[in-house]
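Next come two complexes, and both contain subunit A; in the first it sits with subunit B, in the second with subunit C.
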Partner chain A sequence: MEQKRISVKICVGTACFVQGGADLLLYEDFLDPELLGLCDIEGTSCLGGCKTDDPKWKAPLVEIAGVLYPNVTKQRLAELLREAVDA
Partner chain B sequence: MLEINNQYTLMKRRIDAEVLKAYFADTLEAIVDTLPIHIIPRERDPNRCCVYKERAMVRYRIMALLGVDIDRDDDEYKPLARYVGEALAAEAQPLPTLTTITPGCSGCPDEQYRITDSCRGCFARPCLANCPKDAIVFTNGRARIVEERCIKCGKCLDVCPFHAVIHVPVPCEASCPVGAVHKNDEGFVEIDHDACIDCGHCAQSCPFGAIAERSSLIHVARMLKEKVPVVAMVAPAIEGQFPGSLAQIKAGLVALGFTKVVEVAEGAHITALHEAQEVAERMEAHAGFMTTSCCPAYMELVDRHIPSLSARRSTALSPMAYTARQCHEQMPDAKLVFVGPCIAKKVEARAIPSISMVITFAELAALFVARDIDIKEIAAQEAPDSSLYADCRGFACPQGVSQSVLRRSSKPVQTMNINGVDKKTVRLMRSWEKRPPEVDLVEVMCCEGGCMAGPGVVVNPKIAMRLRQGADVARVGTIPLGGKKHV
Partner chain C sequence: MDVDYHQTYKVGQKIGGDVFLQSKESPTNRVVCTLSDGLGSGVKANVLANLTAHMAHKLSFSPMHLTKSAKIIMNTLPVCNERKISYSTFTIADIRSSREGAIAVQLVEYDNPPALHFSGDTPTPVTANQINLHREGAFKEEVIRQSTFAMKEGDRLVMFTDGVTQSGMGKGFPLGWRQAGVTAYISGVIRENPDISSRELSAAITRKAYALDGMAANDDITCAVVYIRKPRKTLVVTGPPFTQDRDEQLAAKMRAFEGKKIVSGGTTAQIVSRLFDTKVKVDLSCWSPDVPPASKMEGMDLVTEGMLTLAKVAVALERKLPIHTMPNDAVRRFVSILLDSDQVSFIVGTKINEAHQDPSIPVEIGIRRTIVGRIRQALEQNFLKETVLEYI
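== the complex of A and B ==
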C-alpha cells in the first residue's frame, strides 16, 4: 500500500518562533531521515494559539495532518511524527 | 555551553513576557507576587525538586528582570510589588550586570575524573600506562583514581577502550575564560566582579539557571509606555533573530513605540574605516599586529588580564559608540537604547552618557510577545540607502570585522581571527607578548560563532544565518543544513 504523506506545519509566528519554534526548523538535524521522507514540513503563519488565554496553548505550536499540538519540543515532534506515520 | 534555547531560557522568556504584559496592562504591581504561582501551577511536573522551589526561582527571575542585585539585595520579606516600584524609580543600567542566585545553585561537585562501573579491569591497562602521575590504582580488579594525585589531564579518558572514564566539570567554572567564577567556602557559586569580563559564558552554561543577568527591560518598557522619544540602535546581529526580513524587524520596533530605528552597522562602517587607516599606518611603521576593539568583553579582558595587549588594540571606538554619537547629534532629546546580543555591552554603555539602556534580543523577543507583534506578517519599513554600510552587518559573524576592514584598505592586510575566548585562548593571547602573531590585524570575538552566538540571542545561528542570507522563514528548514557546527 502506498504510504500517505503527512503534512506538518511548524508555526513561525513571532510568539512561537522565539519560544522554541525556531529550533524545530532544524528538523533536518534531529529527525530520522526515514520520517523526513514521509513528511512535507513547512513553516506557517500564526496558528492562533498565542492569541488565547488558555494556558494549554503554550508556544510553540505545530499542526500535523490537520491537528494542532501545543508546547512541541524537538523530542515531542519526533514522537508525534512517528505516531502519525504509524497510524 | 548549553543550547541557546533550553527549558530554562524558554521559561525565562515566558516570565519576561508575562511581566511585560502585566506592566502594559497596568496590573503588574497587583499580580506580580502571585505570578510565580500562575506560571508554575501545582499540577506541573517539576524540573527542580518541587513546584515550590520552581516558584521561588521564578521569583528570582522576576527580580533579575527588575534589575535587582540578588547577591546583595535579596530580601525574602519584601513583596515583589515593592521591588517593581523601586525598579521603576531607578534611572541607570544596573551594574554589575551578573548576579548569582545562591538558592538556585546546585553546588555542583568539584571537577573530577572518575572511573565508572564500565571498567573491566582489562589486562592492557592503558589508563595505568598513560597516567603521568601514577594516580590510577587497582582495587578488586577495577581501576580507581586517587584524587589527591590526579592533575585532571584527561589522558585516561582518552585511552580507555570501554569509555569507562568520565569527566565531570563544574559547568560555570569550566566556561569562564578568566577564572572569575568559583564556588565559595559553602560550595555555592560566586563571581569575582573585579576579574569578570562580562562575557556571559557562565550564565549560558549553568544548567540550573543560578547565574542571572540584571535586566533593564522594565525601563525600556516604561519609555515605550510613556511615549518618550526613544531611538533603538540595533546591533548587526539582529538580522535573522526574528521570522522576517531586517526591514520587517525594524517595522516591528516602530510598532513597539520606538521613534526611530538605526542600524549600528552605520557606526561599524566608521569603525572599519578608522581601523583600515590605523592598520595601514602601523604597517608603514613596522609596528606589528593590531587587534580590533569592537568586542567589549575583549576590551575588559585586556584591561583586567592582559596588559601587554593594551597598546595593540585599535583606537577606533566601537560601532555602538559611533552610532550613539550620530544619533545624539541628530536627535539630542531622544533617549538611546542599544539592542544587541551582548551582556558586556551593558557595561560599555554605562561609560557612554548618551546611551540610556541596553537590552538583548531575548528581551526584545519578550517585548514582541507581550505586545502581540508578529514580525512575520508586519509590513516592511521602507529601507534607507544602506550601500555605504551594508557590508558591515557582517560585524556579527566571525571574520566579518576583518573583512569589512579589508574592503576599506588600499593595501593587502594579513589577518587572523580569534573566534571565541576560553582559558586556552587567553593563554595564547598572553604569549603574544613574546611571540607576536605574524599578521597585521587580529580580529577578536569573545563568543565562539561571533555576536550571532552571543549570550543574548534567541535563534540558533544555523537558522539565523540562513535567514540573513534571505531565506524565507517558511522554507528555511528545507535548505540543507550541512555538517558545520558554527556558521
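== the complex of A and C ==
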C-alpha cells in the first residue's frame, strides 16, 4: 500500500520562533532522512496558541496532519512524526 | 537623489586614507558631498583626510567665498614631519534642487581626479575654471578647479580618488587605468544596467580597480556616486489597523501606492492576505537563527515577521552594517530594499496585539512605534532618505 504523505506545519510566528521554533526549522539536520522523505514540512504564521491564556498551548506549536501540538522540542518532533508515519 | 560610496583600503591597512562625507539640509534639499584623500595611507592619512573633509563640508555650507575656504583648509592642515608638507586632496559637490526640480551643482576640486558627469551612459564634459591659490608657504602650485552645471533626471556624478585612476599601474597598465579607462568602464556598466543604484555602481568601480591591482590595492580606492533618479518609493506596512473597519482604508492605500511594498508582522500579513485575497507562503529558504523566515505573497515584494525583524533592521541601519556581511535572511532583504529606495513611507497600525503569552513583546505597540522611529531616523541621517509616517 502506498504510504500517505504527512503534512507538517511549524509555527514561525514571533512567539514560537523565539521559544524554540527556530531550532525546529533545522529539521533537515536532526530528522531521519527516511522520515523526512514521508513528510511535507512547511512554515506557517501564528497558529493562535500564543493568543490564548491557556498554559496548555505553550510555544512552539506544530501542526501535524491537522492536529496541533504544543511545546514541541526537536526530540518531540521526531517522536510525533514517527508516530504519525507508523499510524 | 541616490548617493552612496564604496571603498577598499590599501593592502595591509586597516584604516582608510580616503574619507567620504555626505549630508543633507532638510528644508532646502541641499546635499553636500566631500571626498578627500590624505597624504600617504593609514592612520595619518585618515586624520588628514578627515580634517579636510569635515572642514570642506562645514565651509561649503557657509556663503564664504570658495578660494578663501580652500586656503583656510590648507592653512589648517598639520604639516607632515618627514616630508614637511601638509597635503590632502578634496572634491566638494554642493548640490541644490529647486522646487521646480532643477538641480544645480557646484563642484570644487583640488588634486583629485576630475569628477565625471554622465547623462545616462554618455559622459558629459564639465568645463572648469582653474583658480591658482598663490598661497603663501605653499610647497607647490595649488590649482583649484571650480565648475557649475545642471543635472537632470537620469544624470550621475561620479567622484573618485587616484586609487581608482592609478589602479593596475605596473600590472599591465603602464600608467594605470586612467581617467579615460574609468570613463569607458562606467559608460559600459550604465549601458548594461541603466537603473544601477549608486551603491552598486560605486561598488562595481572599486571592485574593478581592485581587480586591476591584482587583488591587492596599491592605494586606498574610493568611489562615490550621486544619481538623480525618479524617486524610488517603498511602502512599509506594519501592525494591524486600530479597528477592523480601517482595514479597507489600508487596502486602498496599498493599492494606490506605486513602488515596492513590504509587509512586516504575522498578523498584519494575514490581514493583507485577506484584503487582497492572496495566500501567504512561508519561505523556509530565507531565515537565520535571530530572524524568523520571510514569506511570499503575490503583489508584495517582501513579507516578514514583525518585531524581531524590525529591530534588527533598525540596528543594521544605525550601524551601517554592509549588506554583504549579513546572513541571507529577511533583515538583509528588508535593508536592501530600503537602501535602494529614495522615499520610504511607513503605515503603522495601532491595534494592540493580544499576545499574552509572548515574553518578548510586553508593550508591543509602544515598541513598534519606537523601532519605526529609529529606522526612520537612521534612514534620514545615515542614508539621506526621505521618510513619511502615518498611523492607521
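Annotations
Convention: the second predicted complex is superposed on the first by the 87 of 87 C-alpha atoms of A that agree within 3 Å, B and C clash if a C-alpha of one lies under 4 Å from a C-alpha of the other, contacts with A are read in each partner's own complex, and residues count from 1 in each chain.
To be clear about the criterion, a contact is a pair of C-beta atoms (placed from the backbone, for glycine too) under 8 Å apart; a residue touches a chain by one contact, two chains touch by 3 or more.
What you are looking at is a predicted structure, and each value in this text was computed from that prediction instead of being measured.
In the overlay built on the shared chain, the residue A:29 is in contact with subunit B alone; subunit C does not reach it.
In the superposition on chain A, contact of A:20 is made with subunit B only, not with subunit C.
Of the two partner chains, subunit C is the only one that A:57 touches; subunit B does not reach it. Counting contacts as defined above, subunit A residues 12-15, 17-18, 22, 25, 41-46, 50-51 meet subunit B in one complex and subunit C in the other.
Subunit A meets subunit B in the complex at residues 10, 12-15, 17-20, 22-29, 41-46, 50-51, 55. Across the complex, subunit A is touched by residues 3-5, 10, 13-14, 41, 242-243, 252, 362, 365, 368-369, 372-377, 458-460, 462-463, 473-478, 480-481 of subunit B. The touching residues of subunit A, counted against subunit C in their complex, run 12-15, 17-18, 21-22, 25, 41-46, 49-53, 57-59. By the touch rule above, subunit C contacts subunit A in their complex via residues 266-267, 269-270, 280-284, 287, 289, 292-293, 295, 305-308, 354-358, 360-361.
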